[in-house]
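What follows is a group of structures, each given as structure tokens.
What follows is a pair of complexes built around subunit A, which joins subunit B in one and subunit C in the other.
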Partner chain A sequence: MTATAQRLRRNAQAAGPRSRTAARIATAAAILAVALLPFFYDSGSPFIEDSTVALVYVVMALGLNIVVGFAGLLDLGYVAFFAIGAYTVGWFGSSFFSSRNIHVGVAEQLTNLPGIHLNWLIVVVIAACFTALAGAILGFPTLRLRGDYIAIVTLAFGEIIGRIAVNSDEGVFGIGDFNLTNGRRGITPVDKIDLPFVERFTTLDLRPWYWTALGLALIVLFINFRLRDSRLGRAWIAVREDEVAAVSMGIPTVRVKLLAYALGASMGGMAGAFLGSFYNTVNADQFEFSFSIFVLAMIILGGLGSIWGVVLGAILLSFINTRLIPDVLNTLPSEVGLDFDLTQLGFGIFGFLLVIMMVLRPQGLLPEKRHKAEFAHAGDEDIVREVQA
Partner chain B sequence: MSRAATAEDGRGTVLSDTAILETQGLTKQFGGLVAVSDVSFRVPERSIVSIIGPNGAGKTTFFNMLTGLYRPSFGRVYFNGRDVTRRRPDQITAAGVARTFQNIRLFGTMTAVENVLVGQHARMKSTVFGSVVRTPFVRREERRGREKARELLAYVGVKPERFEQTASFLAYGDQRRVEIARALASDPKLLLLDEPTAGMNPQESEQLTGFMHQLRQDRDLAILLIEHDMKVVMGVSEQVTVLDHGTKIAEGEPQKVRNDPKVVEAYLGKQG
Partner chain C sequence: MESATIPARPARRPRDVVAEFISRFGLIAILLILPVAYGIQDLQNEGDLSRLATNIKDGLSNGAIWALIAVGYTLVYGIIELINFAHGDLFMIGSFVSFTLMGTIGLTVATGGFGLFFGLLLILVLAMVACGSLNVMIERVGYRPLRGAPRLAPLITAVGFSFILQNVGLLWLGGSHRGVPDLIESQKVFFTFLGVPVSHGDVLALAVTAPLVILLINFINLSRIGRAMRATAQDPQAARLMGINVDTTISFTFLLGGLMAGAAGLIYALYQTDVWFFAGFTAGLISFTAAVMGGIGNLKGAVLGGLIIGIIQQISDNRIGTEWTPAIVFAFLILILVFRPQGLLGEQTREAG
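Let's turn to the complex of A and B:
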């Protein structure tokens, strides 16, 4: 089913500006198909669960794509925003702060529970604001840096947030005695999403979760398209291509870069707020460095800067991670007489995929037209290859 | 001051008393190296002024200080009567200074039109929220921006079929033209051209000379250029400033400067 949807999408994109109406109809049909997908499965089917996670990864990948793909700032600490978003729902949607009693817009069953319980819609807005602020704070030290050095600072930022998460169960980073994150034990249970006019979400019926994730993904997708084709989107590309020329053309590079960090981060934050509620737990072990690489791999696989490419990359890697490796191929090694599970090799497999991609199709599965031009331009490298041969 | 003070176009122009750009004791040191030393000069309104000098004389460094890319070690820059010495490059562009680069610096993966749209950045007002919602204002601004970009490209002589072509695939001459269009897109009062005729043949250089006069007349701006081609310099400028080893060694009308013994020495060496 998703394969059909992807094919539809690809067709929609290939149509080009000549048949924009046709492309729109195809996109609408694809969205409809994706929206109807859960009816073909059990309401609690693991496939719907995996698809929901895939859609959330789409949101994260699209956010990271703004920073890395559009503005060209290599961010290796994206997991930090997932963490901050997830903790936001942990703090404002659970009984964790049991000495407080704040309830806003939540179901009756929850009003008897201690702690801060805000409606998820409020939480997701707070998460977006928190992460946008965190993104801007992360952005500041990188403003004077270029290329690899930005990667180092962002990597460190991701690690700092991860360490804070682990070490803030007795005092924030060991200072004082306030329990901020509950460390590896984590914050659980987390309130289920509770939207107006529909029943409260349960763990038995996964369809509403799926549709919420889809809605989130569509909103973020829409924002991405609009931003890409805007004054700001052009400014991002200009900064990515030639910062000196960009600033000389009147682009305030500091502002433009901070906006990229903040907007990209807020999407990671919204995704985090969703996953915190969906997994019913927020704990420090979820926020590993490898997660940043995982999301980065999605956008590289799909095609840096290409919105549909990033969507495809996120869905593919997510399914490889949640289905292909643990379910379909996991017993493969034992069948050929080897004594290990394929899941143990998860990141090895992603690494292998990336290497293959870089050799065979470095521009990604659905490359952005700009990058396509760049790669088409790689005439010098051909000469080098000829000389070496 | 009034425009009436600035006289006719072309040769033999009476220069305006009002300076659009003025520097006082502008100096740039890189560590122990003094790249530009104590240069004071002025560009009258609606004038065409050239900076010449041997390689390594500090011309481009001087340009970079005017546009804010380098912070001067000492000295002041006044644009349109306001002190812009410590302003950021984008603020200086917004104030009305635009430039091109010695080695063309277009945004290679953008089309010609998109490049010129980027040049309009400082004159556009669309916000993030407005762009996402695509308000009527944003739609109108985008449409007008594109129209303006096309007009500018046509004005500098790019053929319409090249408008949507990726900049890095354009021919060299067209790239130069697009770069000028991109600079004009910010509606500058002062246009800085860093070696605009580099890589051009004599006919193209001559065309450019004519174009600069046209430009000043049509768009009411002053032009400051760095140039090596003496034919262009003599043909176009009303005032020439000569830099050598970072210091100003001569200044004045082209004919006078050309015969200045110091200038001859700087270019050809001391005569025995």
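Let's turn to the complex of A and C:
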């Protein structure tokens, strides 16, 4: 038994009941602090807006983490589920299909408008179901494949959905002339979230949006923890570590993988349904490949498979994207005498980050212990076995 | 005695026969859908196949470019089983180098035939060398440190490099399409063959691609370092034991892939008379599809796949609409991976088993 393994085992033993209680108290305090955060800012402050987006990204990153982190299936087309979720709210919560007249559980003002208007809570459930179905459909062709090939199939799937989003304002694949997505013009306006017992959300007061996003993030976080510690979660990790061994242990890999895709996708769909309503538009330009990489960078930065790591990665990258690059660093090129707009380079910076992280700290900022051992001693099988024991 | 102990061969069930048939001919059938469908349509509407033939001709010259890029994917995949995601963007850098050098050398539409030939030859060599060395550098910085790491790690760095190269392109020539001077008058008809006009661009694409590919295949089959590459691809450990410097061999593979991407960059710039920083992304995916279609790791397969994808793309551009072409190519990619992951000429691999 080598030093690393000993240390890992000591750490595991140290996590006794007392430290677990402490961790719970710390978590509760952190959640309370995050929940009270909006009171320190204006109700319409851009900080709350950015934080809301960050929380939605947490939801997406946690969803992608199920597929990539837990089950080890590299998914480069996650943006597809964001798109499907967003279009669900666009279709079922706006006046886009103006020839229909369906209203379910929406406020008085909306009942006079044409189109399909369902309450956001219904829409988010539909979005989760749609995307789970799409995830399973995507998962199906990848079942026979491994590793890199899965990445390519998922990427192709994401691109196909993106193309459909951009071009389907006059028929899909050049067939017919049905306007499905309104292309780059987008579907707008989208109904605001309308929860029971509270006032309708407005664009002026962002606090309710923030709390809704926080609620969504907490629910998804809870689901993630429960899934990780469940039979299914262990099956995912087994499939990730060694698929052949997992099969011979009697794990139904087909079902396990499809569930990973479906559950991961449904979280992306819920996040999409929220963002569609929050941004008040569903626009094909939002659904580019680079967004998939953006979410992937979050979970890699935080640490693949590590739930808290993913939360941290999502919040960090989200704020780098919304705050650091446009506000703080934007004057940097002109100060050193270069003439370009740093916001253009957002994704170059993320690409750089991916390379740096992979070369210098591949296990992420808050690594999962299994991954940590794997990266620390690549090729040293004993360590991995030691930790798994 | 012995023959009596051999158990009777189990009868082949009809299901197995069907499955085998689909695996063997399914992909070919899928590939024939578009040409056959539009061929019949042409015969009904116009009475001849010249439109389809023109599509196929254009497809072949486009496909020559994809073939050059696909060769790079397949070489790298064959040796270290990595999808070099940055390869498409490397090709884009090649087209940018060519575009910039045209300005530097001062080639214009007015340049005479002799000067044009040597100028373009010089640009070809420089673009190839630039892309080749860039590819070697990327391998050295991004992939070699991760040789022992889990397989996802180098793939993720590759994606990272793809973004970095795209942004280099964005800074270099800006975000909009740039028109390349039409040096070779690429649309001008060179000769007409069976009613199909063959333009300067078509001739150029085939005249550069064919010798390069033949040279490459022979080099890998006949030269000493080519043999080292094949040995490393089969078993890096054993190759090392045989005294092959595996790291150098892998670097050399990246160099070869980069050279081809550089050549593809120049042809693309001359043929399409347009360069764009984002062109590499789509080109990369199309070429990867080509490499998979031919059977990844198989050079001839990559070339064949490139030509086929070129034809599919051209038919789709011409009949369905340019905006749908990427979606159609990607749909083909998924279909291939579902029905025949080993591709047209490929063997069963660990990945696609």
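What we mean here is this: the second predicted complex is superposed on the first by the 360 of 389 C-alpha atoms of A that agree within 3 Å, B and C clash if a C-alpha of one lies under 4 Å from a C-alpha of the other, contacts with A are read in each partner's own complex, and residues count from 1 in each chain.
We adopt the following convention: contacts are C-beta pairs under 8 Å (C-beta built on N, C-alpha and C of every residue); 3 or more make two chains touch, one makes a residue touch a chain.
The shown structure was predicted, so the numbers you read here are calculated from the model rather than taken from an experiment.
Touch criterion not met for A:Leu121: it reaches neither subunit B nor subunit C. In the superposition on chain A, A:Ala22 contacts neither subunit B nor subunit C.
In the superposed model, A:Leu74 makes contact with subunit C only, not with subunit B.
In the superposition on chain A, A:Met249 contacts subunit B only, with no contact to subunit C.
The larger set of touched subunit A residues comes from C, when the choice is between subunit B and subunit C. With both structures placed on the common chain, the touch criterion links A:Phe352 to subunit C but leaves subunit B unconnected.
Judged by the touch definition given at the top, the superposed model places A:Leu227 against subunit B, while subunit C stays out of reach. When both complexes are overlaid on chain A, the residue A:Ile102 reaches neither subunit B nor subunit C.
Contacts of A:Leu32 after superposition: neither subunit B nor subunit C is touched.
Residue contacts after overlaying the shared chain place A:Val198 against neither subunit B nor subunit C.
The interface of subunit A with subunit B overlaps its interface with subunit C at residues 374. On the subunit B side of its complex with subunit A, the touching residues are 67, 69, 88-91, 93-94, 98-99, 101, 105-110, 114, 117-119, 121-124, 126, 128, 131-134, 138, 141-142, 166, 168-169, 182-183, 186.
Contact residues on subunit A toward subunit C in their complex (touch as defined above): 68, 72, 74, 76, 141-142, 144-149, 151-153, 155-157, 159-160, 163-164, 166-167, 173-174, 289-290, 293, 296, 300, 304, 340, 344-345, 347-348, 350-355, 358-359, 362, 374-375, 378-379.
Within the complex formed with subunit B, the subunit A residues making contact are 222-223, 226-227, 230-235, 237-238, 241-242, 244-253, 259, 263, 370-371, 373-374, 377.
Residues 81-83, 141-142, 145-146, 148-157, 159-164, 166-168, 170-171, 175, 281, 285, 288, 292, 320-321, 323-324, 326-328, 330-331, 333-334, 337-338, 341, 350-353 of subunit C are the ones that touch subunit A when the two sit in their complex.
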